[in-house]
Amino acid sequence: MPRVRLNYSVELTYEVCSPAVFAFNVHAAQTDQQRILAEHYEITPRRISRLECESSTGNRVLRVEVDPGPFRMTYRASVELAPHFTSPDAIGSNAIADIPIDAFRYLRTSRYCQVDKLTKVAWFEFGQMERGYGQVAAIRDWVQRRTVFQPGSSNHGTSALETLTEHSGVCRDFAHLMIGFCRALNYPARFVTGVDYGAAPALGPPDFHAYVEVLLDSRWYLFDPTGITIPTGLPRIGTGTDAADASFATIFGSVRSGMPLVEFFADNDPANGIGLPQPTLLAISLAQA
Amino acid sequence: MPRVRLNYSVELTYEVCSPAVFAFNVHAAQTDQQRILAEHYEITPRRISRLECESSTGNRVLRVEVDPGPFRMTYRASVELAPHFTSPDAIGSNAIADIPIDAFRYLRTSRYCQVDKLTKVAWFEFGQMERGYGQVAAIRDWVQRRTVFQPGSSNHGTSALETLTEHSGVCRDFAHLMIGFCRALNYPARFVTGVDYGAAPALGPPDFHAYVEVLLDSRWYLFDPTGITIPTGLPRIGTGTDAADASFATIFGSVRSGMPLVEFFADNDPANGIGLPQPTLLAISLAQA
Amino acid sequence: MPRVRLNYSVELTYEVCSPAVFAFNVHAAQTDQQRILAEHYEITPRRISRLECESSTGNRVLRVEVDPGPFRMTYRASVELAPHFTSPDAIGSNAIADIPIDAFRYLRTSRYCQVDKLTKVAWFEFGQMERGYGQVAAIRDWVQRRTVFQPGSSNHGTSALETLTEHSGVCRDFAHLMIGFCRALNYPARFVTGVDYGAAPALGPPDFHAYVEVLLDSRWYLFDPTGITIPTGLPRIGTGTDAADASFATIFGSVRSGMPLVEFFADNDPANGIGLPQPTLLAISLAQA
Amino acid sequence: MPRVRLNYSVELTYEVCSPAVFAFNVHAAQTDQQRILAEHYEITPRRISRLECESSTGNRVLRVEVDPGPFRMTYRASVELAPHFTSPDAIGSNAIADIPIDAFRYLRTSRYCQVDKLTKVAWFEFGQMERGYGQVAAIRDWVQRRTVFQPGSSNHGTSALETLTEHSGVCRDFAHLMIGFCRALNYPARFVTGVDYGAAPALGPPDFHAYVEVLLDSRWYLFDPTGITIPTGLPRIGTGTDAADASFATIFGSVRSGMPLVEFFADNDPANGIGLPQPTLLAISLAQA
């Protein structure tokens, strides 16, 4: 596979009604497989900001105090992805005794992935299968088959348990349901945010996206239960137990939000070994455990 | 205040039906204000075990693989507490801009503390009060006033939202409701486990306990919304976003559990400056942010 | 009080995609205190329809089978209201032993009024008050004080339990919450639909409305927890345990709905003893038990 | 099929703590296919009681006011069942246009059968099947296959939505889930109570039972999704939208309940054409619409 170079930009606009604090998580993640070639952010009007790394997630968070009035935050990054590709057959599943202690939090029940309430369905549907990548892929396919991608059909309170019976949602709902099932079957699974580059034209222009990483052997493998992206073309931003941990913008204060503007561009420079994202049957990983 | 020396022991017995993995979190926490003088654990029958520290919580987790048959884990510790005491009036509240990034996870909605669903009630009930220790104490008192301590009235699926309307629960339910309200008002708040030394005789012998720490200024202050303990006498074990993060025993496999046996003893040695836990109106903290 | 003559019309338009059955409940109720002076309905295109009275509710239901294509149903009625007015002080509360057996269904837990989950809050908030009209009015006022009338803040799945914590909703949500509390305190309470004549101009033109009737002594007294209407000016349509029983249109089939058009006009003819609806402190009833 | 004669008795004991009102629904139903040969009830200590028929359900309700102290209610009945048997193939399904208006309430969403939240699953699982008895039987079998009969695994607040994911419950939970799915597919379906005569010895002695009736053609056909009874041997007591409508004892006041004692005996008198209940593949109905 050629390397992939992805460029994305985000423009977030607000009308701030009272002094507010914003904590943005739109900065590209840094992993062994995702290198940042360049990035730039700008805050208008100019304000002192603080870019920090949250230790429990590794997310890069930009905090800004803002006065009332219009406010804009823009971010641009170029990242190069050199995913770790593996044949699904070659991937084993961790014995629980070998799961790293810091992955235990991705086994736990959480606000949007109520593992405790999804366990019976998970074992009924998937419990007879052999453990490993194939079982996880079967979960992904099951979620995709039952769930209709339908903007507006869910909201910020929607959890996996509701998606299970509503059969519709947006990317975060697909991810929550898949994560809930994976954890119920003792796979550490986490929520990942990135940018959907608009591969499914019917779903509109590039936008924020959410998908899933599951720990198998000693790597986090990427799964997109929506099926609307080419997973090799997703620049990774944040991770966490569920959407609560990886919000693009956490806002304290009274604010009116504009529509986010997300742009995406993949370089195509075969001469330099850079190609467009391609579909693959291989397992894809951007991060070690 | 004199120093306090607390001794507790825990005996957990199981009948293991299939090969299982246990992850115990009963080891005393180590903080600047809680020193471990001695501790000892034993696994019967003997098995290789691994004691690790989870980095996102600091919890000390003992992992053991166990074969079918009877299984017992015992733990004993002596800890010395030198809490940081402050007059409530002298404690300010962090501006959101100053909350450490690693405390942000304690502001988020979680499985048992659904902040997103408790926000309206929190602001209706407490929104008019001045920020600070007094507001947090008012939340504690509100929860205590409405909620009846009633073993058996809740279960492992019970969340703050249910405790809010059911008006009954056990210590973890009181803690979840208080935490939910605190976070809704932008106080980082976390779930803490320890040992309840049986100060409320009607509630029976010493047992595991759960309570709350709230970040104010740069310290985590301790609150027990059940009102059944003397908070200066609580040896701290684990912390986390909610009960999901701080279970005494996480069990993978088919297991029948016996009743946990918890013992507790506070030293009383005035000649050496060691006294029994005393009630206090001061704010108590065992940990810095 | 002068008598009141109310005229309302309803126009419901649809685009029917597959053969469908409609069951409308927009016909004015007939009670001793609400006489129908004239009514008319029309179905376009012409179809055979059936007007029936549901025996458990007394609701008048018009059933129509419709072929694909545009479809319109219009209804117009003139009703004269001669409510039974009583001084709240003169109204007692039924002993449970005296509640008519057919009112028992209005004591039960229902889809949108989960009495079983609201009982603790009901007794905590209102349990110390004397039984009777005053206690019921206190429930109405409590609901009104906490809840913001906000179209779009709830949906067809929203129940009393959610309104209790969300603090917002539309008329049906206010009604469900009040009903839930009343039943928890052993008052038979039912959901009532009518037409809101637009007394609160900020909330827009006349529209369907939902409110509450509570059985006290041997009459159903009317309460509007939204506070946006003059209750003497509400023409009554349907009743039931909750919104599930009294939907304006129950549709079987694939259909796109237009915006309902509701018009309302109150006669003012003092020479004939007909006046406009007036606010009153008296208790109002349109129906005996 | 021979006729069936069933005798059952119920003994309910209480310790009444404050003046209380009881409304019992343990009297056998009277239908064209279930004749009451004899019945007797007794209240100890003697109290005036009132036996009424609730018009919306036809349930026979005995109301008693009771003073503090021990209280016992016993009831005994002999009923003869002459069910209407039909070949499943000969049963059609009502067009919605032909469902009697008074069966509409059995299409609606209710407290324990949240039709609105079960619709997507119902159509996904059963939507491709032909309408009729076979589709309803498929729902029954699906519920039975997924759900474990497990006393103690549910409580009085448990609804169909929870049974769907918990995969366990008691008879009322099985019934609620089946009812929810049937209504979602536009079959009027109602909750029925009776006596389980202990055909499944592992589940213990005779006890109250709950099952389902579904309207097909112009009859209510009986289905027992638990699979633990012979449906021809169930004496029918009450019906309703769900368990809220058909409680064996509704109690107003502070009361401690003893264990109900239920006895059951089926006559076997072949000489007179009376036989024991037999399994059958025919559809069984005890009531017309």
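Note that the chains are named A, B, C and D in the order they appear, and that numbering of residues resets to 1 at the start of each chain.
Everything that follows uses one rule, which is that a residue touches a chain if its C-beta (ideal position, glycine included) is under 8 Å from a C-beta of that chain, and two chains touch if they have at least 3 such contacts.
Here the structure is a predicted model, which means the values were calculated and not measured.
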item: Gap in Å, rounded to a whole number, between the CA centres of chain C and chain A; value: 46
item: Interchain centroid distance [CA atoms averaged], chain A/chain D, Å; value: 48
item: Distance between the centres, which are taken as Cα means, of chain D and chain C, whole angstrom; value: 31
item: Set of chain A residues in contact with two or more other chains; value: 117
item: Pairwise touch network: line, ring, star, complete, or other; value: ring
item: Interchain pairs in contact, sorted by label; value: A-B, A-D, B-C, C-D
item: Complex contacts: residues of chain A adjacent to chain B; value: 21, 23, 52-57, 61, 63, 65, 96-97, 101-102, 104-105, 108-111, 114, 116-117, 156-157, 186, 244-245, 250, 252
item: Chain A contact footprint on chain D (complex, rising order); value: 117-118, 120-121, 124, 146, 161, 164-168
